[in-house]
Amino acid sequence: MNALPTPPDIVRCAYMDLVVTDLAASRAFYVDVLGLVVTEESETEVYLRTFEEFIHHNLVLRQGPVAAVAALAFRVRTPEDVDRAQAYYEALGCRTERRASGFVRGVGDSVRVEDPLGFPYEFFYEVDHVERLAWRYDLHNPGALVRLDHFNQVTPDVPRGLAYLEALGFRVTEDIEDSDGIVYAAWLRRKDTVHDTALTGGNGPRVHHIAFATHEKHNIIHICDKLGALRLSDRIERGPGRHGVSNAFYLYLLDPDGHRVEIYTQDYYTGDPDNPVVKWDVHDNQRRDWWGNPVVPSWYTEASLVLDLDGNVKAVEVREEPTELAVTVGADGFSYTREGDAEKGFKLGNTL
Amino acid sequence: MNALPTPPDIVRCAYMDLVVTDLAASRAFYVDVLGLVVTEESETEVYLRTFEEFIHHNLVLRQGPVAAVAALAFRVRTPEDVDRAQAYYEALGCRTERRASGFVRGVGDSVRVEDPLGFPYEFFYEVDHVERLAWRYDLHNPGALVRLDHFNQVTPDVPRGLAYLEALGFRVTEDIEDSDGIVYAAWLRRKDTVHDTALTGGNGPRVHHIAFATHEKHNIIHICDKLGALRLSDRIERGPGRHGVSNAFYLYLLDPDGHRVEIYTQDYYTGDPDNPVVKWDVHDNQRRDWWGNPVVPSWYTEASLVLDLDGNVKAVEVREEPTELAVTVGADGFSYTREGDAEKGFKLGNTL
Amino acid sequence: MNALPTPPDIVRCAYMDLVVTDLAASRAFYVDVLGLVVTEESETEVYLRTFEEFIHHNLVLRQGPVAAVAALAFRVRTPEDVDRAQAYYEALGCRTERRASGFVRGVGDSVRVEDPLGFPYEFFYEVDHVERLAWRYDLHNPGALVRLDHFNQVTPDVPRGLAYLEALGFRVTEDIEDSDGIVYAAWLRRKDTVHDTALTGGNGPRVHHIAFATHEKHNIIHICDKLGALRLSDRIERGPGRHGVSNAFYLYLLDPDGHRVEIYTQDYYTGDPDNPVVKWDVHDNQRRDWWGNPVVPSWYTEASLVLDLDGNVKAVEVREEPTELAVTVGADGFSYTREGDAEKGFKLGNTL
Amino acid sequence: MNALPTPPDIVRCAYMDLVVTDLAASRAFYVDVLGLVVTEESETEVYLRTFEEFIHHNLVLRQGPVAAVAALAFRVRTPEDVDRAQAYYEALGCRTERRASGFVRGVGDSVRVEDPLGFPYEFFYEVDHVERLAWRYDLHNPGALVRLDHFNQVTPDVPRGLAYLEALGFRVTEDIEDSDGIVYAAWLRRKDTVHDTALTGGNGPRVHHIAFATHEKHNIIHICDKLGALRLSDRIERGPGRHGVSNAFYLYLLDPDGHRVEIYTQDYYTGDPDNPVVKWDVHDNQRRDWWGNPVVPSWYTEASLVLDLDGNVKAVEVREEPTELAVTVGADGFSYTREGDAEKGFKLGNTL
């Protein structure tokens, strides 16, 4: 990697450009249920932000024929970092597209790339400022989403992905490994939290989830309670619970297209240059849920497709190494449908 | 029932007399992990109370050969109500035992009975007052248990149990039924909460759990977090979650003998004479968990044995009607290992 | 009192009938800001309830010429208890008025009385049931008021008021006294909480406040945050804080007419017949605020007028004994404008 | 400033070196009451850290003859940044002292300086790593302090201080001004929060406070409740409340020497290069407390002395411009003893 140009100085994950197949249904989910703030919208797009955000949006819902992720967008420190991003990816041999007026509303000069892992990354500095609604408690709902926290990506070869992202300037904060040296997942940061994105080992490129932060745990519980009241509890895929990795309190939801959304709160400060990396053993059943509650298989197997720069679905490559789901084996040597099943007394009697 | 004498005026559920097989292990669980307050203790007994309690104890741990419940004790309004209790159960043809100096420390004149359902009930008025530690925030832990909330009993014939307890003065607040008129469970109160005890349909007499209340939901979450930190997450059987029935936030733990303990917070006021009874359909998958999360089968099948007045284990009678576990059937006609499995995509491939 | 008839069996405080001078302004405060639920309304009345209430209302806002309290209404256990209430107050020589169809919408057969302390009390059993919105989390706001908790009344002679209310069936849970035997305030209950009403020594009859309960402390904090966002922070008179008396977390607000509303959470169970009475010394500066924060004088001096059965303002009698405000004296013998001033170093009349 | 060398790359505020006059009393306050974690201690020093910290300490308590701040220490990004710090301050004409083995235990090569405002700043990179107790919920107390959040310094000339700190690399996030251009206070950051330090206009150099973060608001409330239980409520100087500036929930305590400690939670992300600066008008009575609650004068007037590199107390220079306390004037032109008094109806010198 020595010969590569200087990478862009990435500030943080900033927004996701998300293709949904029924915009009204998706708007109902993200606005009416989750309470994200509408910055602006049209017949085909809805621009949403969190309550403490001051840039134009953290999520774009875009009507389209196939549910997929069109871009994972990162903010860079200066306008020149957009140039650096373009040069960097071109040096990597990746396809790039530069648009001086941006790919979406509210964002200016940007570059989108098909990165070495097959993901559509965007880098931008110019962006419209909007009102930071942090003090507008009259508008907050009981489950107020206050920040975009991170993305999570599925890729077959995690070490390869790590090498690429570390060269790009990301720093690993935690990972999941086994004693054979297989890396199942890793968390990487630019801002001072546990991650701006994570790599989960699996068939990819696919996007595992987008995560929004709340202030407190009761905010997340309210979201569950509200989904119950709306008889939408089947949108709850997993949780709420406490992560081992990241130490955050979490909840996973599925939007109307099956795109996964995490609600997340209270990880820890990671901004020091020698921030200790936390390594978890894949056989530690508290790594994914600190309370040992089972992870549903869908959480390991399902994820969102991604688009290339032409808007076509990117082909998915199969992971050759085992996934966490596959290596979940009980103490008695049986394999189980879900983590924690051994402890709870459920033996696998069938194939998933 | 017309000819029965006046029943005792029961104030509330007051304490459980619990036989444990390893007192040191049980003390570690209830005191060191859950943080109950020790009022007094000996080589063979530990008397525990919650932070807002002013009577001597809410739980007695008693060393014994078989894990079981020795008594479910209720406080009555006056000393004469102990007489009324004795006369009432004698009129019911039940065995009773009266002890002027009580069956346990801190409690005076009491009567224990083998009730019509086979449970060892105790009624007392006289009790030592101890310091109510409500204001002693210097002693509270992050998961502070502040009140005994209720008991839950397993019995084969719920309508029969209801008739008995309603005659005794309990009022139903909620139940679970089906369209065929089968009653799967019911909640009954004396104090102004959803229950002092509940009846769960199953093989019995057995005790399903004892429940302690916290002030807030984060207190319950802390208990999970602490169990994780102590690598005791396998003590978490179910939850945390939001109940449909009772609307409370809950967690179920298993003590070292497998006795089940619920941690519970925020049900609603029920003290009006015409408090509306809430009826849940057994096929409503949000009745047991408002968020639709699966109930583990052990929660339906496992419970604590009870003792008769001689200290012998009471024989367990089999429920003839189906249990909730058995009627958990997915929309596609398959039965599933756990509620919610249909939604989550897990089909039952084996016998439990 | 021996010759008095049996008093009514009072279940709980149920609602307040409140005269406001600008119904639109009051509706904005109670509905738009505090989020109470509108059961029904007309040009001149708004009927409001809390989220866990199943009776028609907990508060009536009624347009009128003078801001005042028209009635403090209590629910009784049976229809016959309305008769008992009428007979009881007539035996006390009090004026009563019986209306078979109620004084307000949603309530049936009721009696209103001018009680011995000059307060307009109402007793009713018949009431319309409405939906208990406990499970409707989709409707809850971040500061959701879930129950009516209590009233608080100002009266010149607290011991006289206590004798009257204890004969009526109330039980004292806490009080504030001094070593000279002066009683400054007392808390009385019917339901299993610290109070259904309280007596505060001062010029009266006047109503000090009505109190609504939330589930958790953060709900109360949100109400403050929202008032700040709406630039209505001057509606916050006192708090939030932790009471010494009752151990509850509290906040006092002033509605557009200056009627005081408390938001309250987490006192303790008091339902046992021998529930210990907690006595506070008036010189204990943690009795009113456990954290020792000063009580603003207006909280001691201001209160709402009450109406007689003709709708005329009841004359206010002056308390002869000192009030808590007057006895707030610093350790150095100076008197201070506010409690806590001695500790904080503010002497009355002092220039900074 | 053009000719100045490159400033050090400061990562964050890291620890305070605090001289206390009664080490046992201070240890009782910070360890037994506030629950900070002891990393190590001796007869004359106690090294304390927060639960999520991985460096050796966030606070040093050091026995000494005069209560004062010996150093405000910042972590820098690389070992070379210590050199840069030294060169930078020498170029500023400041006295510096370099110690290869550090000034305190656990910290290596460091430089301390007497900065242009008279404060003792320290810069270090080398530091011992200790266990990050984030996951050790078994050790957490109900008011767990999880991070050092910031310092706050008192200086007479805020614009001068701002120019110095901005040149050093800090970025302003919020400030308090008036229409005459007087700056009363400003908040400056390196990490992604509202501040690593703040400048408060007043007689200085003095240190206003050190602030520790909790996860949630109830943690802060517990600290108040515990102080009440320990009858130490006079340690509460101000709060709890919601700041206008920073939007954080706060509490101010005074340690046994009168050093001020803030407990703080839930400000917002500030890491973007164009993070909007929030400017507050000094006459906005919600700027310091979003709920409009009065600020006690001591909070404006009292602060900790600082030491020079010889350990002598630094002389305090008087601010010539008015302070916030002095400009707190009611709408009627009267001045008041405390902010908010105008709204609450308390005029200075008035008899109640």
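All chains are identified by letter, namely A, B, C and D, in their written order; residue positions are counted from 1 within each chain.
In this text, a contact is a pair of C-beta atoms (placed from the backbone, for glycine too) under 8 Å apart; a residue touches a chain by one contact, two chains touch by 3 or more.
Everything numeric in this text was worked out from a predicted model, so none of it was measured.
**Student:** Determine, using the mean of C-alpha atoms as each chain's centre, which chain is farthest from subunit C.
**Tutor:** It is A.
**Student:** Pick out whichever of the two, B-D or A-B, is joined by more C-beta pairs in contact.
**Tutor:** A-B
**Student:** Where the centres are mean C-alpha positions, what is the separation of subunit B from subunit C, in Å?
**Tutor:** Subunit B and subunit C have C-alpha centres separated by 35 Å.
**Student:** How many angstrom lie between the centres of subunit A and subunit B, each centre taken as the mean Cα position?
**Tutor:** 42
**Student:** Taking each chain's centre as the mean of its CA atoms, how far is subunit B from subunit D in angstrom?
**Tutor:** Computed from C-alpha means, the inter-chain centre distance equals 50 Å.
**Student:** Using the touch rule from the top of the page, what residues of subunit C touch 2 or more other chains?
**Tutor:** Subunit C, residues with two or more chain partners: 135, 216-218, 225, 228, 244, 290.
**Student:** Would you identify the shape of the chain contact graph, picking one of line, ring, star, complete or other?
**Tutor:** complete
**Student:** Give the list of subunit A residues in touch with subunit B in this complex.
**Tutor:** 216-218, 221, 224-225, 227-228, 231, 233-234, 236-237, 240, 242, 244, 249, 285-286, 290-293, 296-298, 337-338, 343-350, 352
**Student:** Provide the residue numbers of subunit B that touch subunit C in the complex, in ascending order.
**Tutor:** Subunit B residues touching subunit C: 11-12, 52, 54-55, 75, 77-78, 129, 132, 134-135, 146-147, 191-192, 215-217, 244, 247, 266, 268-269, 271-276, 290.
**Student:** Provide the residue numbers of subunit C that touch subunit A in the complex, in ascending order.
**Tutor:** Within the complex, subunit C contacts subunit A at residues 135-142, 144, 216, 218, 222, 225-226, 228-230.
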